[in-house]
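Pasting the structures here.
Shared between the two complexes below is chain A, which has chain B as its partner in the first and chain C in the second.
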Partner chain A sequence: MSGKKISRRRFLGLGGAILAGTALLPAFGAALLPPGGGGQSVRYGMVVDWRRLTAEDIARMSRACHEGHNVPAVTEPGHEVKWLWGESFDRVFPEWEAPYAEDPRALSLPVLCNHCESPPCCRVCPTEATFKRADGVVMMDYHRCIGCRFCMAACPYGARSFNFTDPRRYLDEIRGDYPTRALGVVEKCDFCEERLRLGLEPLCAEASGGAVVFGDLADPDSAPRRLLAANFSLRRKAELGTGPNVHYLWRGVEADA
Partner chain B sequence: MMKEKEIMIGLIFFLALFTAPFWLNVGNSVTAAPEVVISAAAGEECLFSAAEMRERHMQILDEWRTVSVREGKTLDLSAGGAHIGFEENCLTCHANREEFCDACHAYTAVNPDCWDCHHSAGAKS
Partner chain C sequence: MLEKALRGGKVYYAWLALLLAVIAAGVLAWLYQLRHGLGVTGMTRDVSWGLYIAQFTFMVGVAASAVMVAVPYYFHNHKVFKPVVILGEFLAVSAVVVCMLFIFVDLGQPARVLNVLLHPSPHSVMFWDMCVLAGYLLLNITIGWTMLSAEKKGVSPPRWAHGLSIAAIPWAVSIHTVTAFLYAGLPGRHYWLSAIMAARFLASAFAAGPALLILICLLLRRRAGLRLEDGAVTSLAKVVAYAMAANVFFFLLEVFTATYSGVPAHAESLSYLFFGLEGLHALTPFMWAAAFLAFAGLTLLITPRWRRSLTLLPWGLAAVFLACWLDKGVGLVLAGFVPSPFGEVHDYSPTGIEILILLGVYAIGALVLTALYKVVIAVRHEEA
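After this line comes the complex of A and B, so read on.
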């Protein structure tokens, strides 16, 4: 009986030891983590120096992306499928009020999936067909998509498209490297994850002539992080708390001054 | 007692109906399993032994797909661990999809939807 009992003094002593151990955890915690995991995570992101891009540049980037991923050129209004496209400034940053600046409708920016930190699309997906990968890419698993379109309703950026028709009908030529999609699935930009694995940069960055800089935002020495450290930048609808990983450099103020 | 005759007729009727599939198919030849044509493009060996592939290719494909798409890893199926697409892998060797995958699937009445998206253009010639 008495052997099972714990004295008040001993109880408090053990509690203190646990507390002390927890306090020391940050110092020794690294040794407890599995090798290769934790601490060294990658977070892919993109910096768009949009002032350097003309509407033609954006069209070229869009074409590179859409041809590379067999994105169909559907023409019926409301049924278009887009991964990356140009949008006017007043639609990309509708909250931005600058009544005496140059006409915001005349400025064009490339827009795409923001690969958010806390993506609302992934939260609503009932089948986990869209999910956030450890490297930050918000992936689409087309094999699991049931076409419910909750993700399209949840995305504040309209970055997702639904295949209302057989996409192959709108492809002049099916290109080799990437599968098409099928009737009834949602699709979107995947940060060219199939190229990242091969050590290549995304097609849009490649076609942008250096105006789109892609890299690891978790690494303070990466090219995009250095750009963000040296310049003012904007993210789309950051006030929603989605944490977009596509940043738009705000250059021009100093250049025009 | 009185119903004996009716019961017998009913029983015979039931048995005839129950065994009808056998009688109706007597003399019909069984559909022969299609000859699986191994394309000339294929080397001597599959990624796994032919027997294992026949038995397990759906599981192999499913696992590969999950690991590749969901975990972003590349299964070391061939090409020395480099990322390689489903079409490029299987259909480069099995270039004759219609006579190979599709013929066998038609016979075994499986209808995978893979070709809605994956396409032979991805195979290397």
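After this line comes the complex of A and C, so read on.
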């Protein structure tokens, strides 16, 4: 036994290094994993046949969504909380200029979180309060969100809302089967994940009268995939590489021409 | 040594009292914000970051600028900077404190701030920004305090402190680079989505930070008996001149790409800043003031005769500092949100509560700086 004795100083040093390593492992381990985990079998997405929707239809869908998720009807300008709402064509697709169209503002489309393939909001979140599930749903953990609003700066779709005021003050009636939110957190559409679990379609799809088709985009035989195979469609700001999973069908345009 | 910060003349106590009063007002305003939410500020769902984050961004630059004293001193043996090195490090310390506080007051759920440590997210630039800022704060307080202790005992600082000082140089560059990456990596925010962002950030930081440092040094030399050679002042002023020239150049590069290409996404934020869009132009007076101050300051600093004149120099430095502040502490963050993802234009203006909190945070920074500088000056007077 040639005396390779470990000094107390060295022992403590090594011990400290190992301890620090174990503390950092979860942080860097997470970075090595692909987002959303491996083995993607389901990828939820939505096809919006917006030519079939009137402004009233969209208002009905928005109401169903907001009532179902305790979304506060904040009236102060700039502080509104919105999960799904109607916007005119020129705002939803600003890059699709149509200067000679009769009135692009008259066309209304429903907008919501796109549940992107590569969501910038999840990339920038410093606490994993917003994250992408293996089935494609981009989720919010309202109890972890610190309210830094980095995700709002990162989202190219304006799909995220921050609770600038106490949301519970704006709820006439609180639905017991969905949580309310606290002041100072970000919220957005979650594809009705509470309904997906029960095998139900999202509230907006249900209220759309068949104009919004929800399903598994990874399955070539699903209803949304069949629609996308047979028709031309658009995604918002696809050039940014975020891979939106909400598709806007371009059906019936030829008939109008 | 810290007890020296508690003893001073009438003016010193009056200054402390003023700072404490502003801090008290800021704390009360923050408690009001905590209770009622960020709705008491001018921020909206469209302009979702306001003056808090803008001040954070600007002050990271001031913190990083300590290297502009350290590099000539350590790498080029520029001895005349010796008395300024510690002052630069302590300016960095108080600037980082201000940065952290601005992030804190901007949070919707400040009680959860430690979630950033509890759930570390290396894919988030914010996580890295927190790491580099905390490290930079530790580095500078350690280096500054150790060097001051050595100065007090009349010995040369320990070798490890020298090693840390060298390490602090790339570290300073990192804090502002990572802060630029907060913006430069966001798809869909075209005013920020630019590769030159980090370079521009560093250039404006190395102009504004040393400009502030010289102004404070000149004030302390006149009022508090800080010993400082003119050579140190004019030589640091040269650094400001070079950095500001680079800063203006980088900005003009952005202007060229935006205007000559004619791509709306690149041009819209700049048009909003200088001419307004859709009838909204809250920021135009600030941006024209920044442009005027930048060129006035550069003229004063580039002309050798004016730069060496100790009556004109402070004006040049103040002009450069204000220009950088207007560009980065006001325009850059706010204009990034214009136009919105829906192509809309939204003005932002801060509320009274927001301004009170902002002043309170700056007053805390000034208090930290005052205490640290007071100790430095007292130690130097003692040994003399």
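A few comments on the model shown:
By definition in this document, the second predicted complex is superposed on the first by the 216 of 257 C-alpha atoms of A that agree within 3 Å, B and C clash if a C-alpha of one lies under 4 Å from a C-alpha of the other, contacts with A are read in each partner's own complex, and residues count from 1 in each chain.
Note that in this section a residue touches a chain if its C-beta (ideal position, glycine included) is under 8 Å from a C-beta of that chain, and two chains touch if they have at least 3 such contacts.
Model, not experiment: these values are computed from the prediction.
In the superposition on chain A, A:Pro120 makes contact with chain C only, not with chain B. In the superposition on chain A, no contact is made by A:Gly209 with either chain B or chain C.
Once chain A of one complex is fitted onto chain A of the other, the partner contacts of A:Gly21 are absent, as it touches neither chain B nor chain C.
When the two structures are aligned on the shared chain, A:Gly243 is found in touch with neither chain B nor chain C. In the superposition on chain A, A:Arg197 contacts chain B only, with no contact to chain C. Applying the stated contact rule after C-alpha superposition, one finds that A:Gly13 touches neither chain B nor chain C. Contacts of A:Tyr157 after superposition: chain C is touched, whereas chain B is not reached.
Comparing chain B with chain C, more residues of chain A are touched by C. When the two structures are aligned on the shared chain, A:Ala182 is found in touch with chain B and with chain C. Counting contacts as defined above, chain A residues 182-183 meet chain B in one complex and chain C in the other. Looking at the complex, you find that chain C touches chain A at residues 36-39, 43-46, 48-49, 103, 106-110, 112-113, 115-116, 118-127, 130, 182, 185-189, 336-337, 340-344, 346.
Put simply, chain A touches chain C in their complex at residues 24, 26-28, 30-31, 76-80, 87, 90-92, 94, 120, 122-129, 144-150, 152-158, 161-166, 182-186, 237, 240-242. By the touch criterion given at the top, residues 131, 133-135, 137, 139, 141-143, 174-183, 193-194, 197-198 of chain A touch chain B in their complex. For chain B in complex with chain A, the residues that touch the partner chain are 65, 69-72, 74, 82-83, 85-88, 113, 116-119, 121-123.
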